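In what comes next, subunit A is part of two complexes: it sits with subunit B in the first one and with subunit C in the second one.
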Partner chain A sequence: MGPVPLRSVLRAGAAGGFVLIFLSLVGLIGRFADLNLVGEQVTLGRVLLFLPPFGAAFLVARPRVVAGERLAAGPGAGAGAGAVTGVVTSALFGAAVAFADWFDVARIRQVFVAASPAVIEFVTFERGVAVGVLILLGLGVVAGALGGLARTGQRRVTGALAAGAFTAILMGLLQRIVPVAMQELGIDPDFLYSGRTRSLTWGGGVGLFVLAGGANVLWHRSGQETREKVRATMAQEPAARTGILVVLLAVLVILPVLLGSVISQVLGSVMVFVLLGLGLNIVVGYAGLLDLGYVAFYAFGAYMMALLTGATLNTTTGSAAPAFSMDLNFYFAIWIVVVLAAGMGLLIGAPVLRLRGDYLAIVTLGLGEIVRVLAESRWLQPVVGGPQGMRGVTNAAIGDYGFRQPQHFYYLALAFVVLAVFVSWRLSASRIGRAWNAMREDEQVANAMGVSTTKYKLLAFAMGGAVGSLGGALFAVQIGSLTPASFQILVSITALAVVILGGLGSLPGVVAGALVLIGLPGLLREFEEFRLLIYGAVLVAIMVLRPQGLLPNVRRMRELHEEEAAQDEWVRRFAEGADEAAAVGALPGGPLGVEQEDLT
Partner chain B sequence: MSVDEPHLLELRNVAKHFGGLYALSGLDMHVDRGEIVSVIGPNGAGKSTMFNVVTGLYGPDEGDVLFDGQSIVRFAPNQITRMGIGRTFQTVHLFPNMTVLENAMVGQHSRSRSGVFGAIFRPPGTRREEERIRQRAKESLEFFGSRLAGYRQEQPAFSLSYANRRRLEMARALATDPLLLLLDEPTAGMNPRETIELRDHIVRMRDERGLTVLVIEHDMRVVKGVSDRVIALDYGRKIAEGTYEDVANDPQVIEAYLGTKAAG
Partner chain C sequence: MGTDQQVRVAQLGRLERLPWRRIILVILGVTIATTVGVGAYRTLTLPEGQGYAARAWGDFIVLGLAQGSIYALIALGYTLVYGILRMINFAHGEVFMFGAFGSYFFANAYEESGFLERQPIVALAIILGVAIATSVVVAVLLERIAYRPLRGAPRLVPLITAIGASLFLQNTARGFFGAQTRGYAKPGFLEGRWEIIGVAFPRIRVVVFLVALVSVVLLTLFIEKTTTGKSMRAVAEDSEIASLMGINVDRVIVITFAIGGVLAGIAGVLFAMTFEAVNFFMGFQPGIAAFTAAVLGGIGSIAGAALGGLTLGLLESLGPSLILTGYQVPSPFQLKPAFTFLVLVLVLIFRPGGILGTGEAEKV
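Right after this comes the complex of A and B.
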């Protein structure tokens, strides 16, 4: 197997097997057994059966560094090692299936409720356990060999195939969304999607595969030069960037018209979390202050908006007026909310100024909980309604045009997202952003270079709080009623996950993070029950594979490229340094250049 | 210099201890305008502690620090920087993920003032200020000739060579527009050629920029080449002061160094 050690083959194979067993036991495989992606043959369940041996083999065939030398397996060795890995995976899984069948699935089911005879039937391809396990072994060989090839084969070919497969599967998954959008656009989706299986037709699937693969080939064939040119234009021509921005905005504006109200609702929630993410990004991404209680600003924004716009308390007998209430117009109230939230940022920031890192995280975690507990408390019940909460928040209507309806809310939220993105961008590209950056990198040194760390920490909490409260205020408008249950600690964690997933300090990253973590689960309702499981898996995968996030901050991305250049430079200079050392011998004062006799 | 004019920097009976360890005890010293003063002494003599007390990172346990006649012991480091004391660190402390130019621009922070409003709306005043910050930072970088010029300014600081990191740290301190510059072992880790180059830079800082320089230095060739006056510390006290020749021949100084060598 050449450069691939047997131990890693066995280890990766076993890991793949356990992943398969896990997926079956938690019910993912059974749940998606009948979710057709392409025709009736490619189901998500089958893709899930295929992926673990494929992935394990892909990992095994990676290039290794042995004693400073990079050893990459050739396609033959890669496929071979992959096939063995795949067999180990499917053998382990097959053994588990056989055991489950012999032991009686019903008894396993008492612990793992998702394990059912139907799952056994599905994973054995409805041919009985003996034949089924043989088929599984065959699948393991094929998937493993393909996984090995995917790592060791010609980059152009594997890249194109991967792009094609990924596109086909993604479009298959979006079977509820894309056909609806096509119909809205007046395109008959029948040529892509079948009404009977609900999935892509075979023609459509293969077509998409070829299209995406071809596009990938073209992109790579057009060569480094064109890509460099595109990148340079993007970086240097303000007109090109403005153009792209305009197109992007236009797409965002027509999106809800195309997508219908269900998806608009999801996008509305995405935008609320984009606002939360943008605010938290200022605190964590720019200033480097780890805030785990960010939900405090979300709750504050929501309740303040309710109080300022005449919402009433929910009681057992109906509704009651709160102890404090105003009946302001939304467009006036929102600015009051923002200013008050900035003030609250200062209040939360002041006591934690001296804390750093873990300590700061723990204290803010507590502060976040305090806000929820206060909202639930008997003490504040006359103001915010206690556990029963409030209802009748303004719908921010302009004339008769209310913003509670999902498509309308989308526009309201979009306006504030654009505003928050603009403010974040301008802040980051200013003297303030520079001071935050310096403070994040080294607080003491920033202080010694003239940056008042007290002032800039407080400013980060205030600005972050103000932006985050926008998210809360809009959430109140979207839902119309509030209960403390909406302000669990999970909100803080999700907002942080959004920022980290996208890439700390990156504005497109926040949007991408919110789309993945809020949008995808909203769109793929089938995944709802596995939502937290997938969250965890995605976060672990990101941290291991791409710690800088999905769309990292431009500066950090550039750094990652330049690191190689810097290393080359270093090596070159090192070589020069050798000459320099030789030249030094000729310097007056001897090789050390120090006139030591002065002191001794 | 008239007798009435206060010293630019004066330490009066300064003491600083960490637990039972006296890093500084009863230290009196001063620096006058336009001087280049070197501080020497074996490891642990309290040289860097003295810098940290002057720049406000530590408060002294006893005594007073006067800058231009005014006591500065109660001020925060950023305020002291604003008053006109710039510094570098014994171990290089840059902002590694910021570009070289941005590192120097941070130095100008206390010489600029635009806030949230300016950042968001970018009125002409803010644009001008930002341009001024950039110019000033570039000037500071160009003090070191081609070492930190051109494409290097857009590279992240971590990609610099060791000697260039040291230079960048000095450029960042220059960008704070100081009256007094504190350099903590600027030639540590530099090769002989770079050391000679740096010796000239220190002299140029005074001659071209009119700075007063207080430098901690181990390389005696540099100390000899730049100093108007040399102060030797040991165990947190001043053991000798005067011209290079006086101090280098002082029996106490020789003993302090020999003692260190024997222990090492």
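Right after this comes the complex of A and C.
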């Protein structure tokens, strides 16, 4: 197979097979079996069956370095090796399916609750195990060959195909939001979406595929020029920047009108997490302090807002007044909450200032848990209601216009998000932001250069806490009632995932991260069950494959890459995989640049 | 320059030289000591019938020691990995959970078939074996897939990965085995109490303590006496030099994770049999507590992990009732998790090196 060693093919193929078995046992394939994307034939479950052999083949066909020479497989060899990889993957999976069928699924089900006859039926395409496994093998060959081609074919062609496929799948996933929006705009969505199959029609799917693919080709043909022109205009004309900002804001403002109440509800949650992400981004992204107890500020903001605006405690017999309560206007209370949260940031920050990064993470995790335990405890029940929580939080009404209703809440949240984005953006460019940069890159050097690390660390905790409490206060307004169950440690980890996915220190990244991680699962109820599983996978995958995130902050990316250059051991594995590490290490020019562009 | 000004400058200088941090620490320490002392005094001098009888305190101590020995077993996993990789394997609690869950299916099948009562020792050995095997597989996979590609990466990168891995494993268990809590069978001879020198000890607690003790002794012997143990110590000392000396560092790291898995598997069975239940979330609290124990004892040190585990177990079982009851806090045991974390925070503030360690947690 030319430049592709057989061992590598077998290993990747087997890995793909295990991934498939994992996806089935954890319940993903069964859950998504009937989630139609295009027509009734392309379901998310089938896409999941397709992806592992495709991905394994894509990995196998990568260019590699042998004895100092970069060998890239041609399309023929790539497709061949890919097909073999795909067959290995589906053979392993097919064997597992056949075994499950022979051993009796009901018995397997006693251990793995997701293994059911329905899943077996689905993965064998409802044709019985013998025929089904043959189909699986065929699928493996096709998916593998495509995966190999995707890596070795001409960039222009593969790029266009990938863009088309991605768009079609994405629009299929957005089946509950796009048709609604189209209807609101007065366009009949029937030509694109079918109400019967609850998915894209075949015409719509193919159309989108062609459209996106074509756009990709055009973009690559004339893209370079256009991009440069746009960039130049942006740099020279402040009016252009303002114009874009205005358009962006206008879109954001009409969004809930277009999307209706259900989706606005989701958008509201996205906004709350954008706020949390922005706050955490100050602490983790700017100052480089890993705070896992961020939920503490969220909870503090929510409960404080409830107490300051006259919420009552839930009790078994009805409601009771809390031991401490005030009846302030929301727009006055919010500033008290923010200031108090900043103070709490100082209090939390002060004792843990001198701890090294990973200790800091665990200690803050502990502090976050303490807040939840206290909120649940009988000790503080007279103040915050214990497990039953509180209700009757203000709806922040201006006159008669309350903000509890999803579409209205969106505007309230948007206002605070814009404020927080502005503050973050100005902070990052300010003297404070530069001090944080210096501190994050090297604390000792920053100290020696006269940056008071104590002061700036405390400032980061205070600012981060303030923004986080905003998120909490808004959350309290959004749902109107609070229970400790909303303030699990998972909130901290979700906020962290939002920041990490987009890229540490990157503001567009936070927004994108929240849209993907909060928005998508909110729109597709099927995802809800697997939300945390996916968050975990995202955290690991991003850290292993692309530590700078999806929309990286330029400086931060440079930083991560400088560190790479210094830490050759990591790079070597990063770039070549452990087995070729020795060969690369012997290269005169070092391992950098050989395959970086493919992976990062 | 007038003398007045000079004096003022000198005073300012003295003010700046004042060790603020130390002063704050001393004040904080005195406050905490007073709070604890007064609380304990008030609890112990509560009138008859309101406080706890001597017997209750005895039970607390036994419970604390047994719970602490489970913490110690898990803490050893943290400490071993930290000693060699200088990373906090945040997902170690999940390794423990998988061990407990893996053995659950065997324990319950044996109970249904009656094998657990007929051959309790054999059955227990198989259950332990299964738990150990499951935990070892999870630990080694974790190292191979999530941590190995990140070796030498900036410090926060593996930590964030570990948090992600923990979440992933937890929800994998949820997907695999379902979200409900399941009852875990234990053989009849572990029910009830043993009367030893006039005190009735719950049998399961005694067994837990003994098994943990034997495990720690065996581990110490392994590390001190075998060649593999020696190479582990060498890698912990300096992995680069160790690899120059012909030690396969990758192999040592895998072995370290595997040993952590063995201990976590044992701990999983002990924990599940003590509380007679398993669920996918059971790894979180013990995991954090065990990490606290490792830090409390001095992370990186085996004796420290064992000592820290027992100390934390005792603190947890005695602390809330001893201190908080005196202040009339209702249901002090609800606050136990908060108490654990408070201990962790205080240790890191006052003695970052732990009981057996020295100096501060290094700053990098």
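One rule holds in what follows: the second predicted complex is superposed on the first by the 547 of 600 C-alpha atoms of A that agree within 3 Å, B and C clash if a C-alpha of one lies under 4 Å from a C-alpha of the other, contacts with A are read in each partner's own complex, and residues count from 1 in each chain.
We adopt the following convention: contacts are C-beta pairs under 8 Å (C-beta built on N, C-alpha and C of every residue); 3 or more make two chains touch, one makes a residue touch a chain.
Just so we're clear, the structure is a prediction, and the values are computed from it rather than from any experiment.
**Student:** Which of the two partners, first being subunit B and second being subunit C, lies in contact with A:449: first, second, both, or neither?
**Tutor:** First partner only.
**Student:** Name the contact category of A:538: first (subunit B only), second (subunit C only), both, or neither.
**Tutor:** In the superposed model, A:538 contacts subunit C only, not subunit B.
**Student:** Between subunit B and subunit C, whom does A:410 touch in the aligned arrangement: first, second, both, or neither?
**Tutor:** Neither: A:410 stays clear of subunit B and subunit C.
**Student:** So, does A:25 touch the first partner subunit B, the second partner subunit C, both, or neither?
**Tutor:** In the superposition, A:25 touches subunit C alone.
**Student:** So, does A:298 touch the first partner subunit B, the second partner subunit C, both, or neither?
**Tutor:** neither
**Student:** Between subunit B (first) and subunit C (second), which, if any, makes contact with A:330: first, second, both or neither?
**Tutor:** A:330: touches no partner chain.
**Student:** Quick check on the superposed pair: does A:426 touch subunit B, subunit C, both, or neither? Answer first, second, both or neither.
**Tutor:** Touch partner of A:426: subunit B, not subunit C.
**Student:** Where on subunit A do subunit B and subunit C both make contact?
**Tutor:** 563, 569-570, 573
**Student:** Under the stated contact criterion, what part of subunit B meets subunit A in this complex?
**Tutor:** 55-57, 76-78, 81-82, 87, 89, 93-99, 102, 105-107, 109-112, 114-116, 118-122, 126, 129-130, 133, 155-156, 158-159, 161, 172-173, 176, 191-193, 195-196, 219-221, 224, 248, 253-254, 257-258
**Student:** For subunit C, which residues count as touching subunit A in their complex?
**Tutor:** Per the touch definition, subunit C meets subunit A at residues 28, 87-88, 105, 145-146, 148-161, 163-172, 174-178, 284, 288, 291-292, 295, 329-331, 334-335, 337-338, 340-342, 344-345, 348-349, 352, 360-364.
**Student:** Going by the contact rule set out above, which residues of subunit A touch subunit C in the complex?
**Tutor:** Contacts found on subunit A: 22, 25-28, 110-114, 288, 290, 292, 351-352, 354-359, 361-363, 365-367, 369-370, 373-374, 376-379, 381, 443, 489-490, 493, 496-497, 500, 529-530, 532-533, 535-540, 543-544, 547, 560, 563, 567, 569-570, 573-574, 578.
**Student:** Spell out the part of subunit A that touches subunit B in their complex, as residue ranges.
**Tutor:** 422-423, 426-427, 430-435, 437-438, 441-442, 444-454, 459, 463, 555-556, 558-559, 562-563, 565-566, 569-570, 573, 577, 580-581, 583-584, 587, 589, 591-596, 598-600
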